[in-house]
Amino acid sequence: MNKNIGVYVCECGPNIPERIDIDKVVKELSSLNEVKTVKKHSLLCSNDGKKFLKEEIEKEELSHVVVAACSPKDHENTFMKVCEEAGMNPYLFQLVNIREQCAWMIPDKEEATSKALKYIKAGIHRVMYHDPLEKKELEIKVDVLVIGGGISGIEASLSLAGPNRKVHLVEKTDSLGGMAGKLSQILPHQGSKIKLVKEKIEQAKNNENINIYTSSEVKEVRGFLGNFEAVIQSNQENEEGKVEEIKAGAVVVATGFDLYDLKENPAYGYGENENIVSALEFEDMINSEKIELKNGKKPKSVALVHCAGRKEKGYCSKVCCLYNLKFAHYLKDNLPDVEVKELYMDLCLPHKQDQSYFDQAKEKGVEFIRMDEIVKTKKSGDKIEVEYKNNDKTDKLSVDMVVIAPAMIPSKDTSELAELMNLPLDKSGFFKELHEMLDPVATPMEGVYITGCALGPRNIPESMTQSHATSGKILSSLIPGRKVKPEVKVSEIKEDLCTGCQTCLSVCFYGAISYDPFKGVSVVNEAICRGCGSCVGSCPSGAIRSKHFTYYQLYQEVMEALR
Amino acid sequence: MEKKFKPNIVGFLCNWCSYAGADLAGSSKTDVDSSLSVIRVMCSSRVNSNLVLSSLLWGSDGVLVAGCHPGDCHYEQGNYYARRRFALLKKITEVLNLEPDRIQLSWISASEGKRYAEVVNKFADDISKLGPNPITSNPKV
Amino acid sequence: MAKAVKIKKNVEEGLFDFLKSLLETEKIKGVFTLKKMDDNGAVSYSLITSPDEFKKAVPLYPFMPVNAGKALSSFTLLGKTEEPIAAVLRPCELRAFVELIKRAQGDVENILIISLSCGGVLSLNLMGDKDQESTVSKYWESVKKAEISPDTRETCQFCENFLPINADITVAAVGNKDLDKEFTLFFNTPKGEEFSKEASGSSVSEEIETKEINDFKKKREELKEKFFKETQSEDTGLKSLVNIFAPCLGCHGCSHVCPICYCTLCEFDSKTHNYPTSSLGSDLMVKGGLKVPSGNLLFHLGRMTHMAVSCVSCGMCSDVCPVNIPVATIFSKVGSSLQKEFDYFPGKDIEEPAPQGTYKEDEFTKIGEQ
Amino acid sequence: MKNQNVLVIGSGVAGMEASLVLADAGLKVHLVEKDSLIGGQTIKFEEVYPNMECATCMLAPKQQEVLQHDNITLYLLSEVKKTEGSLGEFKVQIEKKARYVSLINCIGCGACYDPCPVSLDNEFEEGMSQKKAIYVACPGALPNAPAIDPENCVRLNGKKKDCNACEEACGFDAIDFTEKDETVNLDVGAIIVATGFDQFDVSSLPEFGYGKHPNVYTAMEFERLYAQNGPTSGKLTLREDKPIKSAGIIHCMGREEKGYCSGVCCMYSMKFAHFIKDKAPEAKIHEFHTDLCIPGKSHQKFYDGLKNKIEFTRYEDIEVKGKNGNLEISYTNNGKKNSIKPDMVILSPAMVPSAGTENLAKILGISQDSMGFFSTQDQNLSPIDSEKEGIFVIGCAEGPKDIPESVSQAEAAAGRVLSFLQ
Amino acid sequence: MNNNQKETKTNPKKGKILPAEKGIREEVLNIFKKALADNIFDALLIPAKVPNTDAYSWILLQDESLFDIADPLPPVMTVQGGRALSSFSKNGELDLKIAALMKPCEIRAAVELFKLHQIDLNLVTLISIDCPGAMPLTDYMNDPKKIGESFKKISEKWEISESLRPACQNCHRFSLMDGTASDLHIGLVGENNKVTLIPNSSIGNDLLEKLGFEPNDSLKEWESKKEKLVKEKTKKRDAFLKEWQEKTKKTDGFFNELNKCINCHNCMNACPICYCQQCYFDSQTINFKPETYIQKTKEKGALRFPLNTMLFHIGRMSHMVLSCVSCGACEDACPVSIPVGRLFSMVGDQTQKEFNYVPGLNREDPLPLQDFKEDEFCEVETPNECEEKVTEEAK
């Protein structure tokens, strides 16, 4: 096909002519027989500049356009729009950066000018190899699959479910509520009313747009944003193994956490004596309003041990300090003359109200003892002796009852689920955010979101917030009737060159590439690919090319550089 | 007297960090050696051995690959793979005595306009010290 | 009759000087010819522009590291060269180049083709050999005497098409006793004649086809018969082929160096020919044992069907075969019979279409009858 | 709620995220920012913990998105003056101050700075560098166009009515002295408050000698000090341009006074230590902390990585003295008195409500909590809902928090708005 | 860097020692005859002499009679075993149990190809055998009788003869390594006329079991002999590595080695690791207009044809050298006898050290380029900021 290439050099007001002899550039370019027309303009990104460009394209019937101006970061989109309006394929356009990376960094005018020429020629030869890429549009489903029926999962479901959006809520146990459901009460200043969780469960059950699958597991998840397919298997005794296939536009993972196994470290003496209990067991005592020793007596003194498993796991679980305070308050309020000792490493009270809550506890006479670690916890007489270390000297205290606060750890089927949906885990074994800072609920799999403690220790309000965050992300990307536009500059695989070594699979962070055993080749899912080109770099057969950054296009630039 | 040798250097800059860094160098009017020709790629991991090698063998005096600092990759892991591939190339050129100093990998973030200038100027300087790429004038290649 | 100039110089020297003067007077911008890579005797084709590099040029050195036709096609694949160059090719290389041009793989415009009456080339495994020089001088002796040098490639030994077709200039080498004193350049085409002035010698009226040449041709034809017979071992047909190709590693080096095999991806390397593992079972049932890797013979026969009709018998394939299979002899044998069938002579005429690309109503009428 | 417009107050990382999520959903977002640039506090950070990721690189794409998004209307140098109504039908009045520089014409070439006769302290750089009366906060600020400070511009404050230095220097007639402040009235369905935080004023604690001794820095000063695009363009030095050999970093400035832990100081203090170590490996660094508050799965690892490189001391009591330029930190650690003499002291102050909070609270008709932050329905487990339906409070306007939490809240607010709309 | 390499010596294995009156070859074949007869597996991949020729090839045999042509220790390495195996074992399921008897370098290649999904090792039981080396292919083809004879002698004496292929002379990995490559190893270096079977995986174990062998003989004899030989050969290899590092240190050293190259790509096509059906450097090298070539020619004075010869070699190197098993197949296949095998082996040695990777040692080790560590290779980046770390390590 014969290419009509137009080249337009933008002066950007005084900025570029200052350092680059535009007329020389235009003159020399006009001598190239590849190009149909070369013109300059004082400021192409201005409105009349854009108008001028549009008219030029139409008048000269250009098929390809090169603009030499500022950085593509500034105006690539601007000019691509103009090309599109002028009825040209916007990808047959190349913006050459002769301002930032030429006029503004090369002091010598002659040098800058010849450099600009180099760049523009490179642009011209590159654009000749551009392909007219087409934007695709995909129909989407708007329903959502939520995995995990804890408070996070429920909250997500509630805020997602709507008149034209169904939510499938899958819980592997036989009841909703998760860990939060087991708590006697949530921290007073964070909502003392335990009803709250129950209410939410009720709301979920009564919401006709939420299908609840209890005693069920997700066995398979395929697809991408807007088009997921999942297999849910029921484990209810009457319908053992019954599977259901559902379609969804997005997936929310809210599989929560488990608790550190106190038996792992004998120092806590857990299991050796009935009066050494875990925080969760103590919650039950509160629920049943029976704070008693095994001998039925009320405890006269209780030690609350923080940070069990912090050293072992290598992170602070953030909430233990607070619920220990909660216990202290409860004890003081219900057994007025009980003696409460809190053994802590660092008090972690990161929320604005926490401190006051701590101060109140102090006022009630709770004793706070700093320690570096628990050395031993053993029975002595009818008391329990807790031996602890505080900067290098050990100390003892003996009490009737010991309550130990274990660290939060990834729930046991986390890794399995990660495998299933090919989601990355972090060093601690929790799910990994797409971006720890800016995308705290997203994952590399676009359309799959994570909320609550599946991402790591956090308190209930935070979990709820994240659930709302996931629904925010989903509601803004899955709008009924709207189509998704996948990235266009993606990788594509030339099947007759691919030898099926699947190296590309292992380097693709987004799981966008899969292997087709029948054809014996790797296949790119364009809806998932983000176009980084890592696969291209990894393919020894040269079977993969990244659209708009193909070998030939880049190589034209190289050759120009070497001229 | 004949004028100082001016090398031809190809620079593959990742779109998100290094290219932006280069832009910043420009917009803060920093002088940068003009012997480097910038080629924009989406990620440093796009640069495969062939791009670097053929640039060298077809006569470029130096090749710079620049990307986000480890851990900052816009695509999370790209630059780690890029680094491995580069390590391999570096070693090969070392072992074969093909002037390994002519290829360089640098991490330049979007805010490091100054660093960009330093890196490029230094590299350009080193290369001009090295002189023209012997391969360019080597009829055996 | 073609213009002929006798030059009173050793043929190698003479041609060298002639080319040199072309280069220096910038009548041409570059010379494509053999060049010494080092003192160990390694030579390779090069396009030479600098007189300095040209010092290392050895246009008539009796080696063929690659079929120059293939090399020239890679040079002109994207179109004719704007700057004129001269290229020294052996007759078979020239024929290959012509075949490739027919298939849109090259362009001869602006290329001054210089060829020679060819005594053949030494087989490549002699390259870098310690007594290479003596072998070479032995070779030249046999050329003078128009004898068949035993060190040359098998295909060369029985090559009867050693006179170039379509050459602008021909160096008369074979059968010239005084080759190290004098030799004749024939300017066959107007394009060639433009350069005759550069040849410092006296113009003479000679024909290239001398008696020696014709005797030489006969000798080779006889030898050809002999070789072709040999490939027919006692039990003929497929069985013998199986044995001949038994050592084949499947390295496909033969197709890689073959000037006619211009495909970027050979069908027999492609997915078309990798079969599901499950098919093994049934095959084993039948045979009780399988040669692995399988499909080598298929490759050779298949390749044959693709290119044999255009085979120029340059012998590259035999030379690169790591297990000494006489590939070239077999292909050349099949080739020549095919070419008779189709009444086609590869590399004769650029205009003549390749047999696969054309037909005549009144041919092969026997086939498909009754 | 039928009105598909949303007002977002504050263009920090939280405000931007909320705006983007909503705008992507097709809602019209009105983003109000009192400054001349967007990005809030985060863009001041060279690196953010725990991955030491470059904040500028991290945010630039987001900022670009905000600037280019068709559904986001940006009001810079603007403040909300009045609101009335309720969920779905708020009426808002915004006062938009004149920039005197046309964002359409200006291409950010910067030709106008040098000619300007007026030089001032650049508060964006914590006064550590100068700016002109026509200025951008720092290189790479977005939108990449200057603004004129009317108080100090001699043309505008009338000191030199005929000065038009910048106007002359500009090749794009982007300068417009005639531009007037304007009032904009909007109808919006919901309001998202993301006005961020300020730094506790450490000069109110004389015993730490801030302001008295030049080499006592606040956290924010230090952030800029080592920023590549900061006053020293990344060169890490003392005020008198000497290299840093030792530094003391003191946590919990104002924790007592304010009565809460800000939850982030420990981490960013360690970030400083990490950074100094990076630039000056030989430097001795001393962290003085009370309780280390390093929640979250990856933070302790960061701490563990530093433990052997720098000194950590738990103090009960601490102060900074200074004799003729030499600093001394004297402290007690379980009972024992002790002291060190660092070249530099960095004070890590608590996060406090941003200046305008009280005023804005009145305007919005929502209350503040005991600490002065906007109060929310925390007890109902929805920490971003103000007591007024349809008004959400996110990021540090709601209380001290780190970037991920702020972003989560931003997305959450968007989520709440969008699920209202369903 | 990749430190999956298992340096730790696995605790002393036991094995089964069998007498071999009728000679080692016979005995080895007997074992497999039995295995086939008892349907322990259905087919065996083994080198064989092609009937009424001197050529060797691989045969996947099922029929007992074919054992007559099978030869566990052929005088030459025709097709590299890894390549042979991948030619049929990568495209999906197979309802046959297949065993492959191969030289250690071929086993290593097979493992690399397995990682590259070019071989499905679930279909195949890998059996390695102590390898006395092989003769240069061309030598053998020129005079099968003579070379065949001398090989017999060499292999019996386990002599490191000059007439062996250079790759084999310099091979220190001719026997079982402490890895998870093969399932069963056949030791020959031990006592004369004894065959030692060493199970190296659960599969290997129950293979022995099914054969009715109790693996409880001590391996002292075999191991000591092996160690001794390994030492000698390692010495030889080090010398060779040194020599070749010197060679390439010279200016153009590398290019000069390849002066003779005619770009036939035999090396690549013989290489077991080069699994691409088309080489990147055939498909992706750009064709230019003649002007460009002429311009380049003017820069150089002369432009070598065929084009991109060097790009091909260095490029191929950058693709496969981390997996190079030093089998020497490339060198065998080179028609102009370039020492390409030694060249690649040397570069392989250097680069593999860099990545702390031994190709084909363990099936589990990820391929270096499909893997990364967050803190590695800091030194390759300029300006590099790892001095600090380095000094710390030094302390």
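Labels A, B, C, D and E are assigned to the chains in the order they are written; within every chain, residues are numbered from 1.
One rule holds in what follows: contacts are C-beta pairs under 8 Å (C-beta built on N, C-alpha and C of every residue); 3 or more make two chains touch, one makes a residue touch a chain.
Fair warning: this is a prediction, and the values are worked out from it, not measured in the lab.
Traced through touching neighbours, the fewest hops from chain B to chain E number 1.
For chain A, the chain with the farthest CA centroid is C.
Looking at which of B-C and C-E shares more C-beta pairs in contact, the answer is the pair C-E.
The greatest centre-to-centre gap from chain E, using C-alpha centroids, is found for D. Innermost chain of the displayed assembly, by C-alpha centre distance to the whole-protein C-alpha centre, is B. Chain A and chain D have Cα centroids separated by 24 Å.
For this pair, chain C with chain D, the centres built from the Cα atoms lie 77 Å apart. Rounded to whole angstrom units, the spacing between the C-alpha centres of chain A and chain C is 63.
Our note on geometry: chain A versus chain B, Cα centroid distance of 32 Å, whole angstroms. In chain B, the residues that reach two or more other chains under the touch definition are 20, 27, 29, 50, 54, 58-59, 71, 77, 81, 85, 139-140.
Within chain D, residues 51, 53, 58 each touch two or more of the remaining chains. Across the assembly, chain C contributes residues 35, 37, 46, 53, 265, 270-271, 274 that each touch 2 or more other chains.
Listed in rising order, the residues of chain C touching chain B in the complex are 35, 37, 46, 53. Within the complex, the chain B residues that touch chain A are 8-10, 12, 19-20, 22-23, 25-27, 29-32, 34, 37-43, 45-48, 50-51, 54-55, 58-60, 74-78, 81-82, 85, 117. Those residues of chain E whose C-beta lies close enough to touch chain B in the complex are 245, 248-256, 259, 280-281, 284-286, 296, 299-304, 308-311, 314-315, 317-319, 321-322, 346-347, 350-351, 354-355, 368-369, 371-377, 380-383. The residues of chain A lying in touch with chain B in their complex are 71-73, 97, 99-108, 111-112, 115, 118-119, 122, 434, 444, 489, 507, 509, 530-534, 536-539, 542, 546, 549, 551, 554-555, 557-562.
Those residues of chain A that touch chain C in the complex are listed here as 495-497, 519-520.
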